[in-house]
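What follows is a set of structures to go through.
After this come two complexes, each holding chain A, first together with chain B and then together with chain C.
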Partner chain A sequence: MADKPVPIAQRRLMDVKLGELPNWAATRDFTPNGILSAVRRGHDRFYNKYINVKRGGIGGVAMLLTGYVVLSYIWEYDHIKHDRWRKYH
Partner chain B sequence: MILSFFDQFMSPTHLGIPLIALALSLPWVLIPTPTNRWLNNRLLTLQGWFINRFTQQLMLPINLGGHKWAVLLTALMLLLITLNLLGLLPYTFTPTTQLSLNMGFAVPLWLATVIIGMRNQPTAALGHLLPEGTPVPLIPVLIVIETISLFIRPLALGVRLTANLTAGHLLIQLIATAAFVLLPMMPTVAILTSTVLFLLTLLEVAVAMIQAYVFVLLLSLYLQENV
Partner chain C sequence: MLSRLVFVSAPVLKSTAPLGAGLVQASRSVHTSQQSLAPVPALPEKGGKVRYGLIPEEIFQFLYPKTGVTGPYVLGTGLLTYLLSKEIYVINHETFAAASIGIVIVYGIKKFGPSVAAFADKLNDEKVSKVREVKELAVSNLQQAIEDEKKEQWRAEGRQNLFDAKRNNVAMLLEINYRERLHMVTNEVKKRLDYQIALQNLQRRMEQEHLVSWVEKSVVKSITPQQEKESIAKCITDLKMLAKIEQARPTV
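For the complex of A and B:
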């Protein structure tokens, strides 16, 4: 017995098929408030899973710092590319 | 051929967002807000212990009127120490190497201490311009000198932080470049240089913490004179 078709805006991200991804992205809220609330939700999920636990270790903060280093690398990639090509520093 | 060693102090922009925005928002993520639970997570407990000890130490020499500044000074200390230490990670950007940011911290806070002193106890605040026991003929010269030293304080506060951090980062980059270039040619010298680099990195960690502390301490000193 098939389930009733659920509208794409109300499905969880894992249940959205790959071909429907642009449609799903169109239903998302891209206003500043929407982006802020998305960031807040993401932060709460991470915080409550890895840091706000009874015996949290160094892993939670280490993951944050590693993510920060990776993001900084992405921001600086253009400059690093030129540094690699440059003959004299 | 443009020398590229100073490029680490320019914040690159990607997708319209400068890296300094990311660097400035990270302390918000790393320093969680305490909840009203009795027992929090380990990060919050550590943070709470540090804040309590630091505020207690900082407010020791200041009389009651200055205790209003406790939150501001402790928050400033937390921000500076986080920004400085995060800047030591690879590829990151240190906002406190920008003179504009440091002057933005130093000038308003210093000016606030001066204005508070002038409003609440103008005689005592002006009396600080003349140390006790000066010989009478020296008084005019000394007043000029003390006024100049008073006005140089915000400049010194800002430039001290900027210069220390900038110099440290530059040194790390220079010595790292030297070690990297020497490795294929003279491995022994490269290993010696790497040792120097390691020691320098330890020093930079210390400097990062000390400079933040000195900034806040001097501010509390200026407050203590004036409140």
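For the complex of A and C:
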């Protein structure tokens, strides 16, 4: 079924093909307002899906903590680099 | 000019048409957005599905068409091998600390998870039931108020009977008063008329008596001694004649 071609700016990220990614990124709104609204949207999506439910499980909080752990590992990598076992990989 | 007003008001009216009749003039629109009367949607029961407590189910569904069921696991294993072999993830003292903590956390969650969940559910249910109680109370109060209002309306209808009875009472009082006064009036008039009649009777009787006594007096006065003697003599002669006639009769 052939849909009318939707302009790239209005498509969601999952519908954008890989080759069009730079084009799509160019149409995004990088003003501070835009970034703030994007962060708020992402937060609302995560919150309403995993935390703001009647009987939530461990998943929501666990994902947040895992993300925190990973992020802090990435920030400390320059320091952890010195504990490597081998010099050449 | 009026036609221009129609052209201007038509789209505004169309956009606010769902609000129904009784709409204000086109120049003023108070509610411009659709009012939805649906109740607020309830919270979802369960959160998004997460496998092993960490990985959302969507990743498994995303990879299923291309790689089947084992795809994400293979991806995970390969990623881990890559990270370890390239020492992007370095094994140091922190690794053992993380592993111990991870084991303790997993054990704790597996053991105490359900009870904590039940406790939290109980708290939630208490909150909800309290609020629901308030709502029920308010609803029942309002219904009671409706019942009472209906009763009051019925009573207000009954007031007509009360007014009729009172009106009857008042009419009767008025009637009684009127009749009393009528009686009083007739009595008074009768008394006045009786007085006049008695007065006239008295007048006539007094005139009669006075006249009679006056005539007697004048007659008595007019009998002079001369006439008295003559009348006595006549009476004697009449008597003598009568005696003679009486004597003469038995002999016939």
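The rule is simple: the second predicted complex is superposed on the first by the 82 of 89 C-alpha atoms of A that agree within 3 Å, B and C clash if a C-alpha of one lies under 4 Å from a C-alpha of the other, contacts with A are read in each partner's own complex, and residues count from 1 in each chain.
Quick note on the criterion: a residue touches a chain if its C-beta (ideal position, glycine included) is under 8 Å from a C-beta of that chain, and two chains touch if they have at least 3 such contacts.
What you see is a predicted model, and the numbers here were worked out from it, not measured in a lab.
Undergrad: Taking the superposition as given, does A:His79 touch the first partner, chain B, the second, chain C, both, or neither?
TA: First partner only.
Undergrad: Can A:His43 be said to touch chain B (first), chain C (second), both, or neither?
TA: A:His43 sits against chain B, while chain C stays out of touch.
Undergrad: Can A:Ile51 be said to touch chain B (first), chain C (second), both, or neither?
TA: both
Undergrad: Which partner does A:Leu71 contact after superposing on A: first (chain B), second (chain C), both, neither?
TA: After superposition on chain A, A:Leu71 lies in contact with chain B alone.
Undergrad: Figure out whether A:Gly59 sits in contact with chain B (first) or chain C (second), or with both, or with neither.
TA: Only chain C is touched by A:Gly59; chain B is not.
Undergrad: Go through chain A and flag every residue that touches chain B in one model and chain C in the other.
TA: 51-56, 60, 73, 80, 83, 86, 89
Undergrad: Can you check the complex and tell me which residues of chain A touch chain B?
TA: Per the touch definition, chain A meets chain B at residues 43, 47, 51-56, 60-61, 64-65, 68-69, 71-76, 78-80, 83, 86, 88-89.
Undergrad: Which of the residues in chain A end up touching chain C in this complex?
TA: 49-60, 62-63, 66, 73, 80-81, 83-86, 89
Undergrad: In the complex, go through chain C and note every residue touching chain A.
TA: That would be residues 43-50, 53-54, 56, 85-87, 89-92, 94, 109, 113, 117, 121, 124 of chain C.
Undergrad: Okay, in this complex, where on chain B does chain A touch?
TA: 1, 4-5, 7, 12-14, 19, 22-23, 26, 29-30, 32, 41-43, 86, 89-93, 177
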